[in-house]
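Here it is, the structure, as C-alpha cells.
As written, the chains take the letters A, B, C and D, and residue 1 is the first residue of each chain.
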Amino acid sequence: MKLHEYQAKELFADAGIPTPVSQLARTVEEAVTAADDIGYPVAVKAQVQVGGRGKAGGIEIVESRDEAKEAADRILGMDLKGYHVERVLVEDAVDFANELYVSVTMDRGVGRPVVMVSTRGGVDIEAVAAEEPGAIVREHVDPAFGLFGFQARKAVHSAGIDRVVAEDVASVLSTLYGLWSERDGADAEINPLMITDDNEVVAVDAVFNVDDDALFRQPDLAELEEEDAGDELEAKANRYEFDYVRLDGNVGIIGNGAGLVMTTLDMVDYYGGAPANFLDIGGGAEAERVANALDMVFSDENAETVVFNIFGGITRGDEVATGINEALDRFEEIPKPVVVRLAGTKATEGMEILDTDRVQVEGTLEEAVRAAVAAAEVVES
Amino acid sequence: MKLHEYQAKELFADAGIPTPVSQLARTVEEAVTAADDIGYPVAVKAQVQVGGRGKAGGIEIVESRDEAKEAADRILGMDLKGYHVERVLVEDAVDFANELYVSVTMDRGVGRPVVMVSTRGGVDIEAVAAEEPGAIVREHVDPAFGLFGFQARKAVHSAGIDRVVAEDVASVLSTLYGLWSERDGADAEINPLMITDDNEVVAVDAVFNVDDDALFRQPDLAELEEEDAGDELEAKANRYEFDYVRLDGNVGIIGNGAGLVMTTLDMVDYYGGAPANFLDIGGGAEAERVANALDMVFSDENAETVVFNIFGGITRGDEVATGINEALDRFEEIPKPVVVRLAGTKATEGMEILDTDRVQVEGTLEEAVRAAVAAAEVVES
Amino acid sequence: MSVLVDGDTRVVVQGITGGEGRFHTAEMLEYGTNIVAGAVPGRGGQEVAGVPVYDTVSGAVRETDANASVVFVPPAFAADALFEALDADLDVVVAITEGVPVQDMSRVYRLLGETDTHLVGPNCPGVITPGETQLGILPGNIFEPGRVGLISRSGTLTYQIVHNLTTRGFGQSTAVGIGGDPIIGTDFVEALRLFEDDPATDAVVLCGEIGGEDEEAAAAYIDEEMETPVSGFIAGRTAPPGKRMGHAGAIVSGSGTGTAQSKIEALETAGVPVGDTPEEVVEHVADLFG
Amino acid sequence: MSVLVDGDTRVVVQGITGGEGRFHTAEMLEYGTNIVAGAVPGRGGQEVAGVPVYDTVSGAVRETDANASVVFVPPAFAADALFEALDADLDVVVAITEGVPVQDMSRVYRLLGETDTHLVGPNCPGVITPGETQLGILPGNIFEPGRVGLISRSGTLTYQIVHNLTTRGFGQSTAVGIGGDPIIGTDFVEALRLFEDDPATDAVVLCGEIGGEDEEAAAAYIDEEMETPVSGFIAGRTAPPGKRMGHAGAIVSGSGTGTAQSKIEALETAGVPVGDTPEEVVEHVADLFG
C-alpha cells in the first residue's frame, strides 16, 4: 500500500525528519489561500501515487498568486498516468545547494533490509543505479539488531556526503529506518533530500509504502488506504479482495493460484492473444466469489472474452462447476463468451455439471486458451 | 540502583501488570487514611530496599483501623536491617489461591538475559533454587531478538502453571521482560505473583533494580535515586562518587583499582585485622579526591586506622604524594593513624615527598598492611 | 529415498485446532502422514482427529519425538510459531501460512541461518514424497511415486505440471513447493542440492516465476555443480513491471530485475531447457529420460 | 611470539580525539605501538599526535590496513563503536571504556560470537606484549619481555603482580587485562587457550576475583586440556555477599555463587597453586620455573 506524499511527509515529520511547510488543498481556492499563507515561491504538487509526477506535469513551482491559481487549476482534476488528481500539496519551495537520495527497502535476495544513500538525488534513481551503480551506497541491516548508528554514518561517509551535514543526514537515515521498521514499511524513500545553503537538511519528497501483509498491525495506516483514488476496476478488485492487475489486452482471465494465472496469461500471449487482466480468485469455489470475478471481467470494456482456468486440488471440480453455474445465474445475459477449463480433483464430474449453453468447456489448458483467443478475435473483428 | 517497592509497582502498573490498590504514606495519619480508603484488610509494608522485610517485621496485615494505626506506628521509623523506615505502602491485602514467582535478570555466565518462572512463589526463592533447582524454570533470551512470545508460554507451561492462568502469567512475564529491556533493568522480579480464587493475576511484590551504568539514559529513574534513604556513609560515598562498601572491621582502606583494594582487604584479614570498608578512589590523584576519601574513613567511627595503597601506573607516585600532602593540609589534626604505601611509576620520588610526621610510609604492600593492622590493635587496646 | 520427508517423518501440526489445521490434518492423515502431535497454546490436552494436542512445540517434541512440523498458524502469529519450531530443533518445518509480514520473515530467516532446520515456505503448498507422506495442503491423488523431483514457487501451477507428469507416466520422488513470498526458507539452490544428493531422483523440474533472482542463482548452481538433469518453466512472461502478480514475491521491479526473460536466459545458458507451456515441460522431461 | 598482539599489529584508536584517547595514544606511541589511524565520526581529516583520523573504522581500515583497535569511546556510544569494530572485521579489539550498560554488552557479545574477532574488555586496562606493543592504558615501564603469560580481571592488581614478577626477574610474554565487567569478550578460558598454544609462554598467572563463574570454568579447562603450568590469585576473600566491590562484575550473589572460596577450591583441585598474597603468587611462579 502506497501512502500519498502528504501522508508520508506527516509520518516523517512526526518522527522528526525536517520537511518543508506545506498544506493540502482540494480546490483551487484552498490552494491559493495555502500559497498565500506559506509565501511565494511555492510548489504545487499533484497527490497521486505514481512516480515521475514532475515530468508528467504534476508539479509546478510558482512565484505569485496568479501563477498559483493557474497551476492549481491545471493540476487539480488532471489525468496523471491514469490517475485522477483530486488533491494538491502546496509547499514552501526550498532553496537548495544539493540534492541527496536516501531510502530503505527489503533486499529479498539476502533476506535483509538495506539502506541506500546517494549524492545523486533529485533525479530518477533507477537510471543512476543502471548507469553508475557505484554512485549509490548500500548498507545491509541485520534485522535482529536493526540499523546500527555507525552504519548510517558509514553509508553517508561512503557516499561522499559533505562532512558538514553528514551527522544530520545519518540521523535522517536512522530515523527513516526506524519508521520503516516500526511501521512495517516495504519501501521508504526521500528523493530529494535537500541540503540548503545554510546546511539544513529537508525532505522535499517522501515515499512510504507499507507491507500489505502487515496492515493488520498498522491500523492507522490501513485506514488511510480508503482515501486512495486510482483505477476504478482495481478499486473494485480491492473491495472484492482479489489479486488483480489490469492489462491492455482483450482476453479476460480468471484462475486460482498466482502461478497458474500467470501461466494462463503467458499462454494467451503464446497463442497470439493479449491478456486483459490478471485475476486470482484464490482457493474456494463459492458462487459469490466466482460471480464477483465474472463481474470484474464483464465490467472491463477492453475484455472481449473470458477464460476460466481452475485446477482443483483440495478444492473439488464439481463444487467449482456448481459455483460457476450459480454465478452465471446472477447475470441475465452473459455479455461475453466464457471458456471454462477444469482440471484436478473431480474435474470430469465438474465438466459434466457445467451448462454448455452458457459456457464453452475445454479439457486442457492449451485448448481453453486457444478457444478464448479465437473467441476474442471473432468479437474484435 | 534499587527502586522501592512502590516505585517498582508504579512502573509495573504503567506497563500493564496488575498490581493491588495501594497508597504511599509517610506518617501514621496518612497510613490510617489510606487504609480506610482502601478498605480492610490491608497490608502495611515498610519501604526499604532490603530483602526479607516480612521476616524482619516490616510487613503486617491488619484488619481494622486500630490495627492499622498500631502497625504504621511501629513500622514507621523502625530500623530494618540497618535502614531507617521513612515510608510505608498501604495496600489492599489480596486473597489468593496460589503464589508464583517470575523474574528477569542477566545471566553473566552465558552473556544473555534469562527469565525465570516457578510455582514456588511467596518464599525465599534462593532457598528453592538451592534445595529444589528443578522447581525454577529458566529460559534464556536472545538479546538481539528479545523474549519471543513462545518462550514466555514455554516457561510458564514447563513450570507447571495451571493452564487457566497460563496465558495471563505469560503475558505478565513478557511485559516484565519488555520493561527490563527498555528501562535497563539489572533484575526485575515479582514474588509473589498471586493467583486469586477468581484466577486473576496480581503482582503483590515488585522488585526492579536498574543497571547503574545505564542511568544516563533513564533520567526519570535516575532522579528517583535521590529519594533513597540508607546508610549515611554510603550516601556520602555516592555524593563523592566513590565505589564504597561499609564493613564491620576497624582498618580503614583506601586504594586505587577494585582488584587492588579487594586484595588490600584480603591482606588485612590475612594479617589478623578486620577491614572497615572498601574504598576505590579510581584513577587520578587530585588532592580533593584524596581528601574526600580520607574524610570518608575519618567519619567512620568503626575505623581506627587507615591504610592508603596506591599503585601508580599512568598515574605518577609523586603526584599522588603531593595530593596526599595537600589533602592532609585540610585537616587540622589527623584523627587516626595513616599508613601510606606507594608503588609503580615515580613511587620512590613520591615517598620522599610524603610528610612522615603525619603519615607512616611503608615500601611494600605487606609491610603497609601489617603496620595498619598493628596500629588498629594499639588504638583498640 | 526422497528429500526432506519420508514415511518415518514424525509430524507436529502447529495450529491444529484452527479450521485449516483441522481440515488438512485429516487430509494428511488420510494420505498416510505420520502426524504424532498438534501444538496450540492453551489447547494442551485436547485431541484433533485422534492426534494429541500440546501447549508448546517443545512439549510435543518431548512427548512424541516429532522431528518436523507443518504450520497453519495465522499470519500475525506465524513468525512466533516459526521461532518456536526453530527453538525445538526440528529437522523440517513447512510453513503453509500466507501473508506473513516480510519484516517478520526477515527476522526468522536471520535466525534460521544459525540452525540446521530446513524451513520450507511460507506461503507454500507443502512437501510431498508420493506414497509415503505429505506435509501441507497438496492434493495427494494427483501424485505418483517415481523418479522426478519437482521444485516450485507456485501451488496450482505445480498441480498442473504434476498432473501432466503423472498422466505421461513420470512419477515423482519428492515435490517441494518452496513458496511465493519474497523471503522463504528453502530456496531453489538448496532444494536442487537436496535432489542432486538424492539417488532416487533422476531428473528435476524447476518451476519458477517472475520476481527476485533466485532462478538466476539456481541456473548458476546447475551450471557449476549439478549433474542431475533439470527441466525448467518460468511463469510471468507477460507480467508488466511494478505490479504484484498475486504472490508477494512475484513482481518485476521497476529497474527491470526479476523478469521472466532474464530467468529463462539464465536457465537456458546453464543448459536447462525451458518449456513455453506446462505441456512442453513434460516433453523435456521425456527427452531427459530418453 | 606472544598472544593477540605483537609489533606487527596495526592499530586504529576509536575515540582518539577525546581526552583519554589523545593521552593514551601518545603513551602508546611512545611505547612503540604501531598506531596507524584514529576513528571519530565527523573528525575525519584531522590528526592526533601525527596519526590521521578517519570518520569511520571501515574508512581507516581501507586506508591504513589496520587490523586491531583500542576503544576509548564513552559508555553511551561504546556499544556502537564495538559493533563498528566487529563490522570492520578486525582481528583484535581492546575496549578500555568503563561503564558500558550490561544489556548493550549482551548484544555485542551476541554478535561477537558470529565473528572471528577477539574482543578484550570492556573495562579493561588492555593488552601488552612487552618490548613490542601495547593496546591500552598499561604502564609499560613495569613490564619486561619474558616467558610468563598473565591474565587478569583487574588493573592495578595486575600492576602489583607484574611489578613483583619483574622485580624477581620473571618477564612476561603477553599480559591480558580481560576486564572487570559481568560480560566481557575474551574470558579466562579463551585467554588460557591462547597462552597454551603460544610456544613463547612457559607459565601463566591467572589473576581472578569474586563474581561469576569464569574462574571455575578456567579451572576445568586447566584440569582437562592445559599443559602449561598456571599459578593463581583470587581477590575478594573478605567481600560480603550482595555488595558490588568496585567492578560491575565483582559481586558475590546472595545465593552464594561467585565466592573467592569456590574459585580457590576449583583452581587448587585443578592443580593450580593459589597465592594468599601477590608476593606468594610470584613464589609459585618461581617454583614452576624450578
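We take it that a contact is a pair of C-beta atoms (placed from the backbone, for glycine too) under 8 Å apart; a residue touches a chain by one contact, two chains touch by 3 or more.
As the structure is a computational prediction, the values presented were derived from the model and not from experiment.
Asker: Taking contacts as defined above, which has more of them, B-C or A-C?
Answerer: Pair with the higher count of C-beta contacts: A-C.
Asker: Centroid from C-alpha atoms only, then distance chain A to chain B, rounded to Å. What do you get?
Answerer: Computed from C-alpha means, the inter-chain centre distance equals 57 Å.
Asker: Using the average of all C-alpha atoms in each chain as its centre, how far is it in Å between chain A and chain C?
Answerer: Distance between chain centres, rounded to whole Å: 28 Å.
Asker: Where the CA atoms of chain C average out and where those of chain D average out, how many Å apart are those spots?
Answerer: Computed value for the inter-centroid distance: 49 Å.
Asker: Would you give the residues of chain D that are in contact with at least 2 other chains, written as numbers and ranges?
Answerer: As it turns out, chain D has residues touching two or more other chains at 107, 111.
Asker: Multi-chain contacts in chain A: which residues touch at least two other chains?
Answerer: Where chain A meets two or more other chains at a single residue, that happens at 142, 144-145.
Asker: Answer with line, ring, star, complete or other to describe the graph linking chains that touch.
Answerer: Its topology fits none of the listed shapes; call it other.
Asker: Going by the touch rule stated at the top, which chains touch which?
Answerer: A-B, A-C, A-D, B-C, B-D
Asker: Considering the complex alone, what residue numbers of chain A touch chain D?
Answerer: 142, 145, 148-151, 153-154, 157-158, 163, 166-167
Asker: Touching chain C in the complex: which residues of chain A?
Answerer: 51, 106, 108-109, 111-113, 126, 129-130, 142-144, 181, 184, 186, 211-214, 216-217, 243, 245, 247, 255-263, 265-270, 275, 278, 280, 311-314, 343-345, 364-366
Asker: Which of the residues in chain B end up touching chain A in this complex?
Answerer: Those in contact with chain A are residues 142, 144-145.
Asker: Show which residues of chain C lie in contact with chain A when the two form their complex.
Answerer: 23-24, 27, 75-76, 99-107, 109-111, 125, 137-139, 141-142, 152-160, 163, 180, 182-183, 207, 209-214, 235-240, 243-250, 254-255, 260, 276-279
Asker: Considering the complex alone, what residue numbers of chain D touch chain A?
Answerer: Within the complex, chain D touches chain A at residues 41-42, 44-45, 55-59, 77, 80-81, 83-84, 87, 107, 111.
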